[in-house]
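The same chain A turns up in both complexes below, where it pairs with chain B and then with chain C.
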Partner chain A sequence: MSVAQQPSSSAIPTSAPESAAPEEDIVLEVQDLHVYFYTQIGVVRALNGVSFKIPRGKVLGIVGESGCGKSQTSLATMQLIPRPGKVESGKILFREFNNQEPIDLLTLERNSDEMRNIRGDNISMIFQEPMTSLNPCYTVGDQIKEAIILHQGVDKEEAHTRAVDILRKVGMPNPERIAISYPHQLSGGMRQRAMIAMALSCTPTLLIADEPTTALDVTTEAQILELMRDLQREIGMSIMFITHNLGVVAQMCDEVAVMYLGRIVEWASVDDIFYNPKHPYTILLLRSIPRLGSEEHIRLESIKGSVPDPYTRVPGCPFHPRCPSFMPGLCDVEEPPETTVDGNARHTVRCHLYT
Partner chain B sequence: MVNFLIRRLFYMLVTLFFVSIIGFALIELPPGSYLDSELQRLRQLGGNLSQSQIRSLEIRYGVNDPTYLKYWKWVSGAVRGDFGESFEYKKPVGELIWGRLLFSVTLAFSSLIFAWLVSIPLGVYAATHRYTIPDYLITAMQFIGVAVPQFLLALVLMVFATTVLKQEVGGLVSQRFVNAPMSWEKFWDFVSHLWIPIIVISAGSTAWLTRVMRANLLDVLNMQYIQTARAKGLKEGVVIWKHAVRNAIHPLVMAIGGVLPALISGEVIASIVLNLPTTGPLLVQALIKQDMYLAITMVMFLSIMLIVGNLIADLLLAWVDPRVRLE
Partner chain C sequence: MTTVPSDDILLEVKDLKKHFPIHGGLLRRVVGQVKAVDGVNFYIKKGETLGLVGESGCGKSTTGRTVMRLLEPTAGEVIFDDPKLGKVNVAKLDSKQLKQVRPNMQIIFQDPFSSLDPRMTVGRIIAEPLVINNVASGQALRDRVADLLTVVGLRPEHASRYPHAFSGGQRQRIGIARALALNPKLIICDEPVSALDVSIQAQVLNLLEDLQKQFDLTYLFIAHDLSVVEHISNRVAVMYVGYLVEMASTEELYHNPKHPYTEALLAAIPKPDPRNRHRPIRLPGDVPSPANPPSGCYFHPRCRYAKDICKVERPKLRDVGNEHWAACHFAEELQLAGVPRYGKSAHAMPLPTVPPPLPNKTKSESAPAPVSGD
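== the complex of A and B ==
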């Protein structure tokens, strides 16, 4: 079913001349990823064929309502899907360096040395809850040092120096002191900075940030986002930036993948997503963000209906029960294939309106 | 830290003061005194005692003194290390209880350490292998551990030790060592006598702590920081033992505080069945006979151990969990 790469080559000969870079440098390529949870009441199909690519040095935003499978996508990349979840099929190809043969992470044993060497060193992760994502029993410095010692094989003193350096880099006011503080002595924003420091301590190729600012207040959120953007440019890493907030996407990302019920329904550059959205779901998502300057009494639109319960399989397009452009006999029968939009190979959508 | 210790010490003294008053009052509360049972015994032996004889005995034992006077007599001696004399044994109380206290404390802490050594690994294993056959087996053992009465367990182990291991059981040491001077052999004999009471006494708490460990660890394993630790690339063993267990261990540390009172009540039965010179049986006897100075002194020492146990638990907890330190 994977049509992910077809359009860029022969399928649409008339396509975009400027994006004709012959060999794109892709850091992470997820192909047709399926993740199922085998629960006692039934099988939850959390991911149903997710495919996307993250180019080197770029930020890909993954957006969608909660429960659509964003976190599972990130956890699958780290091979940390919790029980009773299982990766059913798919490929997760990772290239640490350009022109390298990609490694399919899913072929590595979950707790093997190879996989553990990638975790925290080449790919690292920040989580949503800064309040609980640091271990309360160890100092911030110790927790950062742990990763440095593990992956860089340096002694404790050198690790300490590096930990303090990285804490300074993430904008901690008094890094020496923060290093010997415990998580509960820091505010939420500081903890998230500490998490970022930890994630960046081994200069990863890819950073996965799962809603890193959702739990923070708006001012802190803005600071953290700016910090991440700056560090991303400086280190040149790629980011998989997961959020349910389109406003944040505009600030952070180069490209956006919109996710619905375990599938990517639209993928495009940030500009295309905001100015030329195609999928009805994307359009509705955009309408549901409040805008400055719009008349105050215009009510925000919310998307009708809710996400169907996770145990049932929706036939055809997963969005059809809520879709305003629902075409009976087509949308509820056949799953739409991935198609390019207006001949632009960097904008794809899965919707029968465009096939 | 120093401040904290001084404050705690002060509170401890205040607590002990109230314990001594309340304890004393309670021991005085039942009607009659040690003299009544003593008189009864004397009458049975040699007919009637004249009133004047009774009077002189009363004065000697001071049974008709007002309670506060008795209390004062005892307290003023106690702070100087003189706890009065046991009516029944006609010996200074201190002499009577030191050995027993020492043995009780040894037994209590050996049992606690045994309970930890068994319950922590079992609990961790059960939590990390949830819903597997070993997990079910551990659960079944817990129920047995909680449900089997101590005296029964003691009898079963004694039979097992004598018939299968051909060991002498009961008492502190084997018969041939009772009057022997201390030696490695005697010490070894003592240790080999100790395992039965340790198992008997700690069976219940081991089972309970295993349960607690399993439940807590399951909670902790769902915490975000465990995911963080895994995402760093740490080995699963490090994730479990360094990051998870340390956060799940609070109740086991707090168990130090509770172990002594539990022992005082639990150990009596085991000690009687196994014929062990611990404080439990002696205290029960002293209370029945209204041997009041012996009784109140033991109550005081048990309270001191309880309070010290709690202090140790708090200090350990502060060491394990930095969040406790700053409050």
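== the complex of A and C ==
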């Protein structure tokens, strides 16, 4: 990949040199995470052994279609899996500072003080719907102040000053007035900015953004993405960016994990995902989006069938019923192991074509 | 307004307005008007797809519904070329005539989850327009429903199931089958794919294209996703706060926009190419409220090219040459950036291909036993 061609404004997706690998500064490491939902009509295996790492100061994009487990991954990290869901097994190791002993978040009680201290202070989250995730009964300022008072132990006045500061930082015009406004008085883009302000109020080490721009218009989306990129560079935080929009992934992320049915099927740098994709699912996703500005009219490629019913278990590779490279007797029998691509330790794929 | 021969035009909308009253005060008197659609002009040629784009709240859907007369227009004309009645003004038809014209114009809704009645079987949903218009009954009706299901890529036996048994993409196919039931000329597609996942979105877009060829359909395609609109449309109209600001062929509009708002919209699309990261054009402020729009050109407070005249005079949508319509005082002078032509840009991203299956590859000896299901 030619790094020199990158526009200077972008965060350059870099592959860390191999020698630096052992001392890599990992903020969040998820190991073999399984989340099951025990419902009355059966068990839904939402996550089936998800493992990934987020290096400090990097943006990891998690992409996939609805029902692939992207949101459950983020909720599990925050220990917010709703009933009847349960984390079956796995580890979520979080390191606030470099060289610190990692904390396994899953060993903490959901409602313990330690978990509550981490939530909102070290790890914070932006949800998809800015309309429903703000409390309509409190002003925006009060909602931001709540987090600041709780986590930073400052008095009300100091908290108010900080709330106004952070609102200014996310590009709100007239932050003093916004702080005393109620959510219904703001537009969608402003509410999402307020959500970001709230998430950033305690300068988190890790920000989880679950489809932060899906409900917004393109012009607002572009502004929010630019804002997140600027703030990420400024604060140096890491972001777990969950989305289904490949355009947003290309613009925002350093590394990308493609999920299908509760598994990560491919993981690579953003450049490799777009320029050297390996898994048939990744390739088909890229082929199914309309190309802007293409010369002639190319028919879109679609993936046959649809995501299977969550209660059924697909034997072998979960993608095999929809895969054009399906190999009978192998793909439908044996689940492909994680394999590295072309000896690049930072590009892994789960597909029998590469085993 | 057009220079196109009128025989080629299926639908022409002239100065269409839809205002919603705002009630306020103790007596619930009308205190204002939300000008959701405020003087929209466009035309659609037979067999083409006109894309209608704009941000949420700009009046795209209201336009679609007012054209169908699902909402009563406040003012304006909707001239539709009915195969039997000839050119009729849909906005002025009485209910009897409207019933004759309606089968020729159908609509597909955005949300496949709320646009199908959960208490009706799929067969009844698709049969309903046929029954209401006394087109078919008995075995003929059942055959027609089975046909329609096959046409949209479902199976005839699906007719006895209920909508909840289907996925989002399949439900959208049911909505399409229902719209096709009466052999319409015009289908208004109101955000038909925005609720769907990308892979399913591609399936539905391909289906819409195939049906257009097969049944010689004309589409008004309302969407906010500009890549999708570019893919499916022959011509595109851009709407801003109840007013069309630009209309041109897809090629022209995307590569040679004439309105600053179109330029900003195009620049904001997140491009699926990590080697081509860009900073969007900053649009200050928010979309103005259609209840209280700014003076002059509605876009002037956010426009970086605005001059004094823009604050006073509202520009009319005019032909700036080659069937390219723009509502900007400076449409001819401005040099605006469009989307770079794909394949000619410096970083043309190759389209990856799916590798073929490997021959003779079978289960490995050392592999662990597959996880047993339960």
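The working rule: the second predicted complex is superposed on the first by the 331 of 355 C-alpha atoms of A that agree within 3 Å, B and C clash if a C-alpha of one lies under 4 Å from a C-alpha of the other, contacts with A are read in each partner's own complex, and residues count from 1 in each chain.
In the analysis below, a contact is a pair of C-beta atoms (placed from the backbone, for glycine too) under 8 Å apart; a residue touches a chain by one contact, two chains touch by 3 or more.
Keep in mind the model is a prediction, meaning the values are calculated, not measured.
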Which of chain B and chain C A:Leu150 touches, first, second, both or neither: first
Touched partner set for A:His244, first chain B, second chain C, both or neither: second
Chain B versus chain C as contact partner of A:Gly85, first or second or both or neither: neither
Touched partner set for A:Leu134, first chain B, second chain C, both or neither: first
Broader residue contact with chain A after superposition on the shared chain, chain B or chain C: C
Partner chain in contact with A:Gly61 - chain B first, chain C second, else both or neither: neither
Partner chain in contact with A:Pro204 - chain B first, chain C second, else both or neither: neither
A:Ile289 touches, of chain B and chain C: first, second, both or neither? second
Chain B versus chain C as contact partner of A:Pro175, first or second or both or neither: neither
Common ground on chain A, meaning residues reached by chain C in one complex and by chain B in the other: none
Residues of chain A touching chain B in the complex: 78, 80, 111, 116-121, 124-125, 127, 129, 132-137, 139, 143, 146-147, 150-151, 182, 184-185, 195, 198
Residue ranges of chain B touching chain A (in the complex, touch as defined): 223-225, 227-236, 243, 246-247, 320-323, 326
Residues of chain A defined as touching chain C within the complex: 5-7, 9-10, 13, 43, 65-66, 173, 187-190, 217-223, 225-226, 244-251, 253, 270-271, 273-277, 280, 282-295, 297, 299-303, 306-307, 313, 315-316, 324-327, 329-330, 333-335, 337, 352-353, 355
Residues on chain C engaged by chain A in the complex (per definition of touch): 55-56, 167, 169-170, 197-203, 205-206, 209, 224, 226-228, 230-231, 254-255, 264-265, 267-280, 282-283, 285-287, 339-343, 345-347, 349-358, 361-364, 367, 370-371, 373-374
